[in-house]
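Sharing a structure, written as structure tokens. Questions coming.
Residue numbering begins at 1 within each chain, and the chains themselves are lettered A, B, C, D, E and F in the order written.
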Amino acid sequence: MGTVYLTRKAEFAASHYYHSPELSAEENLRLFGKCNNPNGHGHNYTLEVTVKGAVDATSGFVVDLKQLKEIMNREVLEAMDHRFLNKEVPEFETLIPTTENIAIAAWRRLEPKLKAAQLHRVRVYETPDLFVDFYGEA
Amino acid sequence: MGTVYLTRKAEFAASHYYHSPELSAEENLRLFGKCNNPNGHGHNYTLEVTVKGAVDATSGFVVDLKQLKEIMNREVLEAMDHRFLNKEVPEFETLIPTTENIAIAAWRRLEPKLKAAQLHRVRVYETPDLFVDFYGEA
Amino acid sequence: MGTVYLTRKAEFAASHYYHSPELSAEENLRLFGKCNNPNGHGHNYTLEVTVKGAVDATSGFVVDLKQLKEIMNREVLEAMDHRFLNKEVPEFETLIPTTENIAIAAWRRLEPKLKAAQLHRVRVYETPDLFVDFYGEA
Amino acid sequence: MGTVYLTRKAEFAASHYYHSPELSAEENLRLFGKCNNPNGHGHNYTLEVTVKGAVDATSGFVVDLKQLKEIMNREVLEAMDHRFLNKEVPEFETLIPTTENIAIAAWRRLEPKLKAAQLHRVRVYETPDLFVDFYGEA
Amino acid sequence: MGTVYLTRKAEFAASHYYHSPELSAEENLRLFGKCNNPNGHGHNYTLEVTVKGAVDATSGFVVDLKQLKEIMNREVLEAMDHRFLNKEVPEFETLIPTTENIAIAAWRRLEPKLKAAQLHRVRVYETPDLFVDFYGEA
Amino acid sequence: MGTVYLTRKAEFAASHYYHSPELSAEENLRLFGKCNNPNGHGHNYTLEVTVKGAVDATSGFVVDLKQLKEIMNREVLEAMDHRFLNKEVPEFETLIPTTENIAIAAWRRLEPKLKAAQLHRVRVYETPDLFVDFYGEA
């Protein structure tokens, strides 16, 4: 039928801050500015998940939308929504929760769970004016 | 001058429902849920058409925008806008009008009519949170 | 604490068509154009519900957001989402489901159920470019 | 020249959580759900400030836009942007930083500083689907 | 049936600049900054027209949408779209084309032409973050 | 850590018109329509700049966001914002300032200045419904 790319969006609200243990307090402040505030600040993140595959002749679907929504909820949103990312999401005990690292973390959570279609891209918007795409590239 | 990708959006309002003759009534309901209602329901679809080509040195255009708009209107919007897709658009007498199949149908309608530039991608949004891309891949 | 106006949005997908039994076929077509197609066409409607009240000193809320969401779902969205409005929503057996009449119908469904705060306005978007406000005025 | 209402938007990113000292832990959790997490979570808030006044015959302005932007920055954004509202904004040491209370706090910060035009409304969006308006009403 | 407020949006692209003959060159630059550039700069303006009236029992309309669109096109868009407002729109030979004055000019053009329903509000967005409302108030 | 694509948006307001010295007055009008008006008209352009690179293990960044913002401001926005592109931006003394040519010009301004990460794509929106992507392809 043809190979298509289907994208589903979801939103989550989380807080974070940026701090590197390899840098001094002055270097952290210079590099991260207001984002270095250890109390945290927050965003309405938008997660876009794109899967790639052939359209099924019976259903007309590349992926079952209810299953995709459930996987996104279970693997990413339940872990990150209404959370302080640095303190409550295991990946960010050691990694700084930048938009880059959130996109990679979401990919790693989603990719093993998607059976029916291939994960093609994860996009994370931190604000409407800033977003990161990850395609699983090393 | 350089190769660019130009995208133009248009909207259309249509109704549809999902039903596969290969599945039982129970299977249809389980797979398609509320979308299985035979009375139909509707959406404000957004169609994005992307063409690829070299920028013309005289006009500064990759494609004549008025022509592109006319082709989109004549080939897709006049057929699908304010229509019940299952009943009134020939492709969907046999295919289920999922977002996937609408994107493929739009590609097949547009591709033979675009002369000046090459069709690169058709994107169809069913809602702001769900969209499908088709690049003409088998 | 002060009187505030809180607005919550929700979306529903429905189909409809416009036809008046008081008009001839020609008059219906002239007045309603493409919207007169009896097969129906559809929209992603946005419903905005605004309630007015004093901020509660304990909760900081004018209204419990979970309750407001439940009332919107139960009274409006379950009745109208994924429905052909003319055939499946009682108000529209006799009233034409224009954006005007959908806004009034939503008000009448919501107003008796809102106890904690006063319904101030119902807004319905048919498309991003067309919306109707109803404040309960005769 | 006529009386007009001018609205300017700005965004800020902050974190917050909801907890009432008057309620038990169980009541807080039941009322506030995920928002009760004391680590906080965050949002991209949008602040809309509307001023009302006569259009000046010389400038064509109801208010000097640079001054309005400066006042919004100095009085609200510098205090709330990239902050944990409960811990770092004085109003929210005792008030729960709900959208309702943020709108009222913004009004009280802005109203005494606006000289050239009258503050008419403060709107705060917590998400694109939830916002509160305050007009200074008791 | 009830009194409703219907709003229709339209867009136009225009250029303008700000200069007051009552002010010196220095004062113009201080007051208007970059907007004082006499070559002009431009915007995608959004015009929102709100009419108020009773819902017609036969049509379900407060106003004929095709007529409203025609009036908006003829009275405002044809005059302002793809124009340098200072040079090509009569009102702005003497008035500075600020968002405030564009909203008032649009009201004065539209109000005498609307017969079926009463003009309630004209809103003009200069950018998504700045807009002006005019209700016909002196 | 992985290769990511980070995109930052910015807006600028400019005016332009379309005219080719190689075409007659009639041909210019037929090809460019309303855009041929030599007084110019304008848009709120959106510039999206996408850079590609590996995530830095210390900062979690693919690129320093403050530096990226400064480069975008200095190389593109200061030159084009609040300008009549045909008269005030050197590239457009000879090239028509179509969206295609603005995207290419922005790429050529940005690419030599980006050191930390590789420029991947420049996207320019003329309106929400029309945009051009340039990837540096000949």
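To be clear about the criterion, a contact is a pair of C-beta atoms (placed from the backbone, for glycine too) under 8 Å apart; a residue touches a chain by one contact, two chains touch by 3 or more.
Since the model is a prediction, treat every value here as computed from it, not as a measurement.
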{"item": "Where chain A and chain E overlap in contact partners, by chain label", "value": "D, F"}
{"item": "Label of the chain whose CA centroid is most distant from the centroid of chain A", "value": "E"}
{"item": "Candidate from B-C, E-F or D-E with the same interface as B-F, over half of contact pairs in common", "value": "D-E"}
{"item": "Rigid-body rotation angle, chain F and chain B, from Cα fit (steps of 5°)", "value": "120"}
{"item": "Chain C against chain B, contact positions shared by both copies (same if over half, else different)", "value": "same"}
{"item": "Taking each chain's C-alpha mean as its centre, the one farthest from chain B", "value": "D"}
{"item": "Between chain A and chain F, centroid-to-centroid distance (C-alpha), Å", "value": "28"}
{"item": "Numbers and ranges of chain D residues touching at least 2 other chains", "value": "128"}
{"item": "Complete list of chain pairs which touch one another", "value": "A-B, A-D, A-F, B-C, B-F, C-D, C-E, D-E, E-F"}
{"item": "Chain B - residues contacting chain A, complex", "value": "18, 20, 22-23, 31, 33, 95-101, 103-104, 128-138"}
{"item": "Of all residues in chain A, those that touch chain D in their complex", "value": "11, 13-16, 34-35, 37, 39-44, 81-84, 87-88, 127-128"}
{"item": "In the complex, chain C residues that touch chain D", "value": "1-10, 55, 58-62, 64-66"}
